[in-house]
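Scrolling down, you'll hit the structures one after another.
Paired with chain B in one complex and with chain C in the other, chain A is shared by the two complexes that follow.
Right after this comes the complex of A and B.
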């Protein structure tokens, strides 16, 4: 078990991190190249002011007609994403690893708070699963990929929760948790999770198109 | 009733205080360093003498070390001096306390391929 653990926190973590960083750069560069090739005329219309105007409106859960039309989905979406990012980034367990391996001091939230945020992420996953399975409009556009990423996030947080509480076989669950987390990180550039790197540009594009070209709001 | 209870509690406290100095590394089964003002994790299991016997560590200075500048002094040891005396919890220079414990314990376990390396194996929930 020690050897398996040391492999997943050591070399495999570097590999997952490298795939995430290099993969993201590759996807951004190739997307830009594609835009130049296929839709060159729209590039000059990209506009910082209109981009930011759209991004800021969509970052406000009450700021767009889209959010207001489904307030529950908007609420869950915002809470889910905030917890999803804050929890792993400031988790004590992750910070202690960073400190022990690399001597890096990193701010943390308390384990109690992290526990609560984790439960919110898990609840959010269940909400999204039920929504995709029951809302006809969504069922129609849902692919295997969408299910894959939801269950990957769910698996990562469920195993993290179980490991923290030392349920079942602790070491086995912990190794599963690390593997799931690394799979999630490495799959960001190449799955639906790529909205993490693309959303700013997509929103910026829409905002510029609507603001500068059509003189209309996109929120 | 209330008075009786407080007398018992006082007696119990006195007994504990009397016993405290008699506590030594032989009786040590766990580490819960009071230098940390709050404890976020359960105490770390560490049966002082049993551990060192099983791990075959005879030289106390492997853990109770003494440094001169950057270098470890080979033939001196610091048992009896708490780690926290030289490793402050939020030391700006050198190795802060939490890092000191974790590096000392897990570095050896990793090198030996034996002994706990994951959080929950040391900080066991009771």
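Right after this comes the complex of A and C.
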């Protein structure tokens, strides 16, 4: 069990991190190259000011037609994403690993807060799963990939939660948690989770077209 | 591959049927691959990959809202039934599947882009549908009626098979008519160096000639330096853009811009048309390699607004009947003329009532995007697909609806009739003509 633990926090963590970082860079660079080659009727219209205008408006959960039409989904989406990013980044347990292995000091949030945020992420996953399984318009469009990404997130946070509370076999759950987290990280560039790295550009493009050419709101 | 949705509501169309009858799966795959590889890139790839299938776009679509939230009408579902299947099967799809793709892309999406206000990612579903149309066009699977207009564009450079001599003839006829009212009125042809090239759409000389009459009165009575060409290139409309025939779109737009340049005008002012504006301002110019239009292009609303601001257009009387304004997608969501439109309306109409939603969020007329041009077989698709518009019109409680767009007129007319809203439909120029000062008029 110890050897397995050593492996998942050692080499496997490096591999997952490398896939995430290098994979993201590769995706961004190759996508840009493709846009230059094939989307030149769109690319020159990109505009920083109007990209930001669009992004800022869509970061307001009450500020757009789409969010307003589905307020519950909007609320859960925001809470889910905020917690999803903050919790792993500033969790004490993660910071300890960083310090132990690399001597890097890292800001942290309290365990109590992290516990709460984790529950919110799990609740968010459950909301999305129920929504996807029951709402007609979602059932119509859902594919395997949609289930994969949401269960990957759920698995990571559920095992993290269980490990923190030392449910079942602590070390086994912990290894599962690390594996799930690494799988999630490595999946980001190559699955639907890639919206994390591409969102600002897609949003920015729409914002640019609407701002610069169409002189209209895109929210 | 077949899921409930379009397969359950197939509509017979000679153009679509004859098109698919000629196809084999191998031919389809070859063509699709060529379009995807040659004409699409990062945009389509990212849209397909990052769409989170959240369904938020559904509420943005009038078809979805009008069909009691039938999931198969949601914008994302239209992509689900077309492009995603195409991508998933690497283009290896059946002729029957292509029939469904064409029916969805040409008749169940107006490419109004209202759903853009609902997608958190910023995915342009109108664009994805336009790629589906492009594929269908390349495969020769296009509804008969709209394909006929595209043929007309190709053969005559106008949408309505107006022959070269019929065009100046129609103008002369309107000039003659108008001279009864305003004896010094001229419709100047081929005036090199005029300020304005006034351009219209094919249907105007064909069956909406009163619009040419009214525009001539406006130009004459506000003292404009203007002209119209006597040659092909006068028509600014563009159904080829909507069939996916971008080669013909390019030819039409080039003829139009070339005509403006030949006449050495300062700007093109176009009548109250939405899709033509999209073609000149946003699509055709890009196809020809212009980042923006090479000659300044002005929609009628912007022009009326300018005339009012400069004091050239004077108001003789107000139009007191309560009115509401329908915001056409291509000039509001496509060009941001909502404030100018309101200022012009309010200048003439003291009793103006907003419909809700309005401005960028207004519901589509359901005729645009070439849907009305697909003809009688699909009339009920757009009338039933826009119940929500009828309800919106009825809620205003006013007797007059102003729609400054030809397609919107066609669509709203059918909706007003089918849902018995009892409203009268007007162009802005109808009201301006009725209420403006006409110093040279004899009556």
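Keep in mind that, in the parts below, the second predicted complex is superposed on the first by the 219 of 219 C-alpha atoms of A that agree within 3 Å, B and C clash if a C-alpha of one lies under 4 Å from a C-alpha of the other, contacts with A are read in each partner's own complex, and residues count from 1 in each chain.
The rule is short, and it goes like this: a residue touches a chain if its C-beta (ideal position, glycine included) is under 8 Å from a C-beta of that chain, and two chains touch if they have at least 3 such contacts.
Because the structure is a prediction, the values reported are computed rather than measured.
Overlaying the two complexes via chain A leaves chain B and chain C side by side, clear of any clash. Once the two complexes are overlaid on the shared chain, A:3 sits against chain B while remaining clear of chain C. Figure note: vertex chain A, arms to chain B and chain C, all at CA centres after fitting on chain A; angle 170 degrees, rounded to a multiple of 10. More chain A residues lie in contact with C than with the other chain of the pair chain B and chain C.
When the two structures are aligned on the shared chain, A:103 is found in touch with chain B, with no touch to chain C. When the shared chain is aligned, chain B comes close enough to touch A:171, but chain C does not.
In the superposed pair of complexes, A:49 makes contact with neither chain B nor chain C.
Closest CA pair between chain B and chain C after superposition: 36 Å apart.
In the superposition on the C-alpha atoms of chain A, no part of chain A is touched by chain B in one complex and by chain C in the other. Taken in their complex, chain C has these residues touching chain A: 3, 5, 39-43, 45-47, 49-50, 52-60, 64, 69, 71-72, 74, 76-77, 80, 116-124, 282, 286-287, 291-292, 332-336, 338, 360-361.
Those residues of chain A whose C-beta lies close enough to touch chain C in the complex are 31-32, 34-35, 37-39, 41-42, 44-45, 54, 58, 64-67, 69-70, 73, 77, 132, 135-143, 146, 192, 194-195, 198-199, 201-207, 209-210, 213-219.
Note for the complex: chain B touches chain A at residues 40-41, 98-99, 102-103, 106, 109-110, 113-114, 117-121, 124-125.
On the chain A side of its complex with chain B, the touching residues are 2-3, 5-6, 92-93, 96, 99-100, 103, 110-111, 163, 165-166, 170-171, 174.
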